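Same chain, two partners: subunit A is paired with subunit B first, then with subunit C.
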Partner chain A sequence: MFSFCTDPSILDDWFWFSCYLTTGVHMSFYMSFLKVLLLLAVTAPVALAFGFGGAMMARARFVPLSWVGKGYIALVRGVPDIAFFLFFVIALDQGIEYLRHKALCSDWDMPIRQGSDFVVCQAAKMPLGNAAQWVHETYGFGLAVFTFAIVFGAFAANVLFGAMRAVPRPQLETAEAYGMSHRQTFWRVLVPQMWVYALPGLSNLWMVLIKATPLLFLLGVEDIVYWARELGGTKTPRFTDYPHPDWRMWYFLALLVFYLLFTRVSEVALDRLMKRLTRGQATTGGEAQRRAGA
Partner chain B sequence: MSCLQTIQDYGLRSLGIGERLLPRDNFTLCEQFTLIGSGMLWNIYFGVIALLTGFFFATALGVGKASPNPWFRRPAEWFIFIFRGSPLFIQFFFGYFLFLTLKSEYAFFAPFTAAWLGALIVLFLNTAAYSGEIFYGALQSIPKGDVEAADAYGLSGWSRFRRVIWPTSLRLAWPAYTNEAIFLFHATTLVFFSGFPAWQQRGDALYYASYFADKTFNPFVPYPILAGYFILLTLCIISVFGLINSRLNRHLPQAQRRKIRLRPNLIR
Partner chain C sequence: MKKILLATAALSLTAGMAMAEAHGKTIRMGTEGAYPPYNFINDAGEVDGFERELGDELCKRAELTCEWVKNDWDSIIPNLVSGNYDNIMAGMSITDERREVVAFTQNYYPPTASAYVAASEGADIEGGVVSGQTATIQAAHVAESGATLIEFATPEETVAAVRNGEADAVFADKDYLVPIVEESGGELMFVGDDVPLGDGIGMALRQSDGELRDTFDAVITEMKEDGSLNEMLKKWFGEDTTTYE
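And now, the complex of A and B:
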């Protein structure tokens, strides 16, 4: 990176570290932090949308639809956590390949499950066998995001379902008394008011989502855990210009600090958001703000 | 090979008793049930010991965090923040590599790099932090009247804590603590995926479940079996904790008793 980095073995500590921490692999390590942030940025809105859909379905007046919504919530919340992650990625992958196999290779006569092998025709492979490396990585990442969204969507659905029921009845009755239709009441009165009830649950979920991101490692994505293990391991002078003993402890300490800082920042930001959403609401918090302002 | 034979061979495989080699192909349903069940022994071991030991530390942490003295409050607050604010997964990794580094300096730390002790310590600290926060919340929500009544009876200091404050806070905290216990048992599945090696393939339930899923490319059998075992375990925990709950609430009229509500949770 820097011009003085040509021969690291003669540098003293400070310069050595500034060179060591800016090598190409370390840049990949820093990129993987961005990957985690990207995962959060993509997953959170998708999961929220899943949650909103689930909650809307669960409170639908059409009974089978409400069963689907409630079933989704109950099923995902009831199964132990990481088993679900491990299970879902393989299941999704195989499901997609199975459907493509059915659609693309109608002349295939062998069974798909042969003993302990899962065999589909070449054209049904997902992604295709000759695809570029980045396609494989993006596909893996996409599967991970989808899995996260399904799991967290169920939890968000549960929170939003509770929040929708927590909006005071009289508010809805007033809306109906003004002649609003069911749909209008939902979008104009219920949805704007429910967020303040949903926020404590959702912020809790956000914290859990942050802490769930290392599981990307288990889903086969090259994330921060992967790089910390790779970079921290003992390096001998034969393979690198920067030999060092086993430093994995320090790398994971850095990850620990990263997560703690992230949690702390989120806490502060969510506190602010809560204050903002409480403004003008018919709750004790809103009442206290009104008094303080007056 | 009959199923009974399989149970004899693999029933205690996770402890290193019985057949040495894991089955390699032609997996029967019986083998999957037996091995995953055998792995559950580790989950139960980690969960039970961490819960029992963590309970006392958690009480200390809860009292510490509620203390007006900053010398007690600050360390408790920091401890709880550090363990609740970071992923357990990373804590396991950090713990493992910390013990590994210590081991190279002092031979005393050799057993700490094995899962049975090292992972147990991480779980103990982690559950202590989570339960400590629950107990802290319960201490904050003790009815004012109860404490005033204790004062009126002339109780103070230790005897007030032992006879009034602690039992009441335990009663208030119990439903949340039950969920924490369930959650802890779920969290034990992370152990062998986070650095701690499964020595001679003696792993926990998820270790064997993913072994089968990897070997058969079929996640639809081992993971539902695992889920079934965990549902059973959860029911056991709920019934045991329910008994303790009704004992804690025995002086209250039926309507005022706090019910345990199952609130499933996610990764910590």
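And now, the complex of A and C:
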């Protein structure tokens, strides 16, 4: 990075560290922080959408649809995350390739399953075998977002399902008495009021999601925990210009600080959101706000 | 006679087509990136090591375009058979269990000695606690030896377990342990005898990828014959390392 970094072994501490912390691997480490933040920024709204859809289905009056919603919630919540991540992603990837294979390579005469191998024609590969590495990484990242969204969507669906039922019954009856249709009651009365009941559960989920990112490496996406372990490991002078003993403790300490700061910021933001949502609600919190204002 | 001619022509034609297909595509090479000197991540953040240099040379000789991909050791074989990359060069020993799932080229590293490293001379490697990396031949050997096995996901952690006293000894490829023992300044030492395990280290490919396997196999033979593989072995593993005749 800097001009004085050509021979790190003769530098004193301060310069040594400024060189060490700006090597290519460290840049990848810093990038992985952005990667994790981006993943959270994309996954959270998608998971919430999945959750909302799941909850809506679960309380549908059309019984088979309600079964689908409840089945989704029960199944995904029951399967351990790590099993889900190993099995589901490979299955999803193969499913996509299988469909592309059927569509693009009709003249293929070999079986797709050969023993334990999964073989599709070159044109059906996702992404294509000769695509650049960043395309592969983006694809892996997309799979990760989707899988996270399904897993956390199921939990969110359960939370939202409960929250929808927590809205006081008289509110809905009043809406009906005013002549609102079922749909109008749902969107105008139920949904605006349910968030205050859902938020504690959702904020819990958000905290868990923040810390679930190490599962990313199972999908080939290198997250901060992977890099901390890789960079912190003992480095012998034969393989690096910056040898050092086992520094994993320091790297993980840095991660600890990052996670604590991040959860703290989240807590503050969620608290403010909670205050905003409580306003005018028929809950103890809403009542307290009204008294304080009066 | 005519039939034989025809068959030969058909064979060479399919072989030619297979070659053409192989030329058009990028071969994705899977590795772990955590096992120096076989493979590791260098200061610039790229895959480096013996297998990187060898793999690049093999691809150059076979006129293939290759690209390196990092993958966790635990899921390295599932991701190969499901087609996320096309081969594995990750210090993987050739064993019968693995042969049931993947195909191997001939070895590019002779059958390796594995060794025990401990923090003291008198460490109990037969009845004590020995660390090893998950899903390696060394871990399997420890499990059979009567010692208590503790497994770790990465090689680094298996050595750390000895340093902090969690394990009495670590059992791993000797080549991985040699630089660590040398750099430890007397803190770590080899104990017991070396144990020869496995059939050497080879490149793993999908069993259905016969042509690609033959291509790499041929190039490895070529490099063994002209001595360039031996030079590479000496460069990465020292002058005393086992080489090919």
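Just so we're on the same page, the second predicted complex is superposed on the first by the 282 of 294 C-alpha atoms of A that agree within 3 Å, B and C clash if a C-alpha of one lies under 4 Å from a C-alpha of the other, contacts with A are read in each partner's own complex, and residues count from 1 in each chain.
Convention: a contact is a pair of C-beta atoms (placed from the backbone, for glycine too) under 8 Å apart; a residue touches a chain by one contact, two chains touch by 3 or more.
Given the structure is predicted, the values throughout are model-derived calculations rather than measurements.
In the superposition on chain A, A:D246 makes contact with both subunit B and subunit C.
Of the two partner chains, subunit C is the only one touched by A:V25; subunit B is not.
Using the contact criterion defined above for the overlaid structures, shared-chain residue A:R238 touches subunit C, although it does not reach subunit B.
Legend: residue contacts after superposition of the two complexes on their common chain; A:V151 is shown touching subunit B, with no touch to subunit C. Once the two complexes are laid over each other on the shared chain, residue contacts for A:I90 go to subunit B and to subunit C alike. Residues common to the contacts of subunit A with subunit B and with subunit C across the two structures: 86, 90, 94, 115-118, 217-218, 229, 246, 248.
Touching subunit A in their complex are the following residues of subunit C: 21, 24-26, 28, 33-34, 36-37, 40-46, 48-49, 65, 67, 69-72, 74-75, 78-79, 81-84, 86, 101, 154, 156, 159-160, 163, 179-180, 182-183, 206-209. Residue ranges of subunit A in contact with subunit C, taken from their complex: 23-25, 27-28, 86, 90, 93-94, 97, 110, 114-120, 122, 125, 129-130, 133, 136, 217-218, 220, 222, 229-230, 233-234, 236-243, 246, 248. The touching residues of subunit A, when paired with subunit B in their complex, are 77-83, 86-87, 90-91, 94, 113, 115-118, 151-152, 155, 208, 210-215, 217-218, 225, 228-229, 232, 246, 248-249, 252-253, 255-256, 259-260, 263-264. Subunit B makes touch with subunit A in their complex at residues 25-27, 81-82, 85-91, 93-94, 97-98, 100-101, 104, 186, 189-190, 193, 206, 209-210, 213, 215-220, 223, 226-227, 230-231, 264-268.
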